[in-house]
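Consider the two complexes below, in which chain A is the common component and chain B and chain C are the respective partners.
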Partner chain A sequence: MTAISEFSIAIQRRVGRQRLRRGILGSIPFIFIIFLWELNTYFVWYEPIEIPPIADVWGAIFFMQSDCPGLVAAFQLHNDCQLSNNIMSSVGRVILAAVVGIPFGIAFGILAGINRTISGYLEPVGIFMNSVSGIAWIPLAIVWFGVGWETTLFIMLNTIFWLIFFNTMMGVRAVPKVLVHGVQTLGGSRFDTIWNVYLPGAMPSIITGMRMSLAFGWRALIAAEMIGGDSGLGFMIFVSAVEFKTEEVFLGVILISLIYLMSDRWLLVPLEKWTIERWGLVWKPT
Partner chain B sequence: MTSIDLQQTRRFRWKKFATEGAGRLIIFLVGSVILWALISAFLIERPDRYLPSPLSVVLSSADMLYKGSLLSFYSDTLTRLLFGGAVGILIGIPVGLALGLNRTVADMFYPLMNFFQSVSGIAIFPIIVIWFGNSDTTVLIVVLYTSFFPITFNVLSGVRAVPVRYIQAARTLGASRLQVVRDVLLPGAMPSIAVGTRLSVGFAWRAVIAGEMLAGRPGLGNMIFSGQELDNSAQIILGMVMIGITWIVLDHYLLRPLEADTIERWGLVQR
Partner chain C sequence: MSGEAKLIIQDLCHHYPDEYTGQSVHALEGINLQVYENEFVAIVGPSGCGKTTLLNIVAGLLPYREGRAMVDGVEIRGPGPDRGVVFQEHAILPWRTVARNIGHGLELQRVPKEETRRRVQEYIDLVGLTGFENRYPHELSGGMKQRVAVARTLCADPVIMLMDEPFAAVDAQTRITLQDELNRIVMATHKTILFITHSVEEAAFLGDRCIVFSRRPGRIKTEIKIDIPREQRVWKEMGTNPKFTEARDQILHLVRQEVTSDDEH
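This part shows the complex of A and B:
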């Protein structure tokens, strides 16, 4: 008894009472759902083709990777490593689109934020492009680029670029003119104002745009892979659904949300917090 | 003398018109359509396939209007959006309120809501198709799902963000539990309800298009998708333009004013 209470006190100290409480409470619904799901495999309220057993979903990982020669081969995109190939092609496309789309979005966003004439022309385009959601571009992209990675990359780029553009523009416009004038008075060139005032001032907004573009872009990417792709997680769940391999569909859906949640929680949220702390123009009483 | 004045004022007026708001937008729209026509006429090898001219898009719309399919597609899509979105929001608000009432319950369901919000409706689409087949039910369920979670999540966090002080004050003055919900929590959560509604409708709109495309139900999404299959690019562009304009109208003239008014009326910003 004492050992248990000592253990619980130690854990409460280490994790924090509130966080522990929230963690335990938050896991209850998940445990309940998993429990119900597991019950379904024993009582078979729904057929396994409708709701596959958890063991099958877990087994699908190994089934899809069964012919994979090894870890090195998985990274070399060996043909037999189905699951890891699909994961890596989805994630790779996100990274590629981010690497191309974010710098362009920031550059055009700053231009439009500084210059009213440019923003007057680019803003309506952006509003329209954002309104024609990424998904609606898929058929035209298929006509232009054919089914394949170009289509999905185009959809992703389209989504990312305009979101980043808008957020950067808003961020640049929100930078107080006083700061710009201050730098100019001290002899700063145009480049100095951009590099040292506008860019840092717009940083929190840019990072928020990055989070948004990941959220929207990931959804658009999954849809694009389903309709116009030839690899990736979206393609995988769509093909598996057509073949009625429900366990693979469940696995894919869980992976899609887990990858999104993890990249958001552990990469973008800390980045956002850090940026706001470092560059946020929030007035802090000292 | 006067003629010069007149000329100057005319030029001035034209300049003002050309550089301000609506005038520039009109010029911009006309300019981009002309640019589009020029590109499709001179730069593209097979314009009917890759970038049909504005004229052929207009002609295709006239053709579809004549056949009556355009309006029926449009109304199908809007009906799905309205029905799915309205049901999702009407279920979502009470559920969010109920979950947010109690701190323990809110703590319990917050991660679950967060998880399901991140599982996009498009991703669960294949599962729904396995359950219900390529039917209208599938599209409606996907729309319902996508609109339900953002609003519930927002209402939940909105209710939780209402300062405990207000609730305690109302309780001290003898308010019953129902009164606290009606007079404190609901108004307090109003801004996040409005934000959530806009978010929900936005996601639902995307889900309608994607759902129609994937399930092959008649609608705008299916119109552009079949346009690709039938090699009829004018139809694709027509559908895209309609999707874009519909969302702009919906967002700028309905949802944004609603959100702004709600925040102005119910927002807890202290003045």
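This part shows the complex of A and C:
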């Protein structure tokens, strides 16, 4: 009994230690950057207009929200809640594009994965679209949709849809045929094979596609907001730079990466745990 | 063998284009075969003799043009729940638990939940997986996965169960256990089974009738009846059963002929 409990404690300790180790290793570069940043504040190698002090960046949050009447008003997108409006505008567009782009990407990806004719039609056009960087479409999108949310949505959808499409298609093609045959011989219809075999079977690939589309889509969005948007974090960065409010530019950049990190940790990682990890479809080092 | 023929195959021939050379491969030639109710028919032959092709045709996974194939008097056109298949590889779904894999056939047939649950439990107990209901396949051993596959097929209650070298991918020790268990399951369920194998021992141990295939193009070379009651078919006793050893040696000799003539080829 003591041997078993000692063993389990040792294992727990080991896992905890490894996690700790990874956390420490991962944060060292950040600590280094912050350290340099702080040094710059004291020695002023670069002017605050070039690299603002950390305190100024922190202060920018409150400055930009200073006229905001309160939390409720912020969620109602009150005109004076500058920062929160820009955050919600960007996040809202990502959500909208994801909600539209991901299901369509998966649906067409599955169809192309199981049907050679459909993939024959869609694959070349997809390669064409994917080879053109998302932001290359911005000038054209502005001509078509003008400055505003339609342009940013178009840029994001174009990025998200094709990434999800290709990943789903590849995932579907990698599903072992024997699983499909198994369901067919149990009396499964075409729909049953899609719902019970191809979709879960392509899940590892679909999640990779989601991760990529979130990263690339988010990047494309920021660029689109800078050039063809009228709100959002990209727009905020651009306007602040023009007005030489460098601390707001820094704040915008930091927020972008934080929001991306959160969406990955709180959406994709749980989805992964709930599906492919539970099904044993990924190899996880323990 | 009394009873009605569940599976009837008449003058079945099959050609298919080779994947690489594009040349027509003659896989099956003039197959005539009947499998009767409650009968266990084992097909044995050298690798590449077309036995899996035959099973795929019966399963409805491979379309055929020459000859006829009927299950319960109905011409085979595509896969269906009347012909359950246990594949060599693990064909159970990794994203379904043991219980949900076994109940999948009933789920697809829209059988009420309560009845599904009851029948699933019955088959879980039958294959000895009690306690593993909520495990996922990746948590099971190879032998256990094949038990799930057998239970999944049986639970859907097919007219005939087709087994395509189901124990070829497990280790020798597990294989013997699974063969013993399959015998016990056959006694309990009285299923009609068409079993494909390249193992002569397995065919002789399990089959009421063994069909020996020639090398390609696959033809039925001989048919050997093995008249041993199921109750006596236990590995502990079979090794010394003269009927078994005789049939095994006979089949082995016939299969050997095919393999050697293949070498001369």
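Methods note: the second predicted complex is superposed on the first by the 253 of 286 C-alpha atoms of A that agree within 3 Å, B and C clash if a C-alpha of one lies under 4 Å from a C-alpha of the other, contacts with A are read in each partner's own complex, and residues count from 1 in each chain.
Simple rule for what comes next: contacts are C-beta pairs under 8 Å (C-beta built on N, C-alpha and C of every residue); 3 or more make two chains touch, one makes a residue touch a chain.
Since the structure is predicted, the reported quantities are computational estimates derived from the model, not experimental observations.
**Q** A:153 contacts which: chain B (first), chain C (second), both, neither?
**A** Touch partners of A:153: none, neither chain B nor chain C.
**Q** If you stack the two complexes on chain A, which partner ends up touching A:196: first (chain B), second (chain C), both, or neither?
**A** Touch partner of A:196: chain C, not chain B.
**Q** Go through the superposed model and pick first if A:182 touches only chain B, second if only chain C, both, or neither.
**A** A:182 sits against chain C, while chain B stays out of touch.
**Q** Touching A:68 in the superposition: chain B (first), chain C (second), both, neither?
**A** Neither partner.
**Q** Taking the superposition as given, does A:132 touch the first partner, chain B, the second, chain C, both, or neither?
**A** first
**Q** Looking at chain A, which partner touches more of its residues: chain C or chain B?
**A** Comparing touch counts on chain A for chain B and chain C gives B.
**Q** Do chain B and chain C land on any of the same chain A residues, and which?
**A** No residue of chain A touches both chain B and chain C.
**Q** Which positions of chain C touch chain A when the two form their complex?
**A** 59-61, 79-81, 83-85, 87, 89-95, 104-105, 108-109, 136-139, 149, 152-153, 156
**Q** Can you check the complex and tell me which residues of chain A touch chain C?
**A** Contacts found on chain A: 176, 178-179, 181-189, 192, 196-197, 200-201, 203, 275, 278-281.
**Q** So in the complex, which bits of chain B are touching chain A?
**A** Contact set of chain B toward chain A: 19, 24-25, 28-29, 32, 49-50, 104, 107-112, 114-115, 118-120, 122-127, 129-131, 205-206, 209-210, 213-214, 221, 224-225, 227-228, 231, 233, 236-237, 239-241, 243-245, 247-248, 251.
**Q** Note which residues of chain A are touching chain B in the complex, please.
**A** 21-22, 25-30, 33, 49-50, 117, 120-121, 124-125, 127-129, 131-140, 142-144, 215, 218-219, 222-223, 226-227, 234, 237-238, 240-241, 244, 246, 249-250, 252-253, 256-257, 260-261, 264
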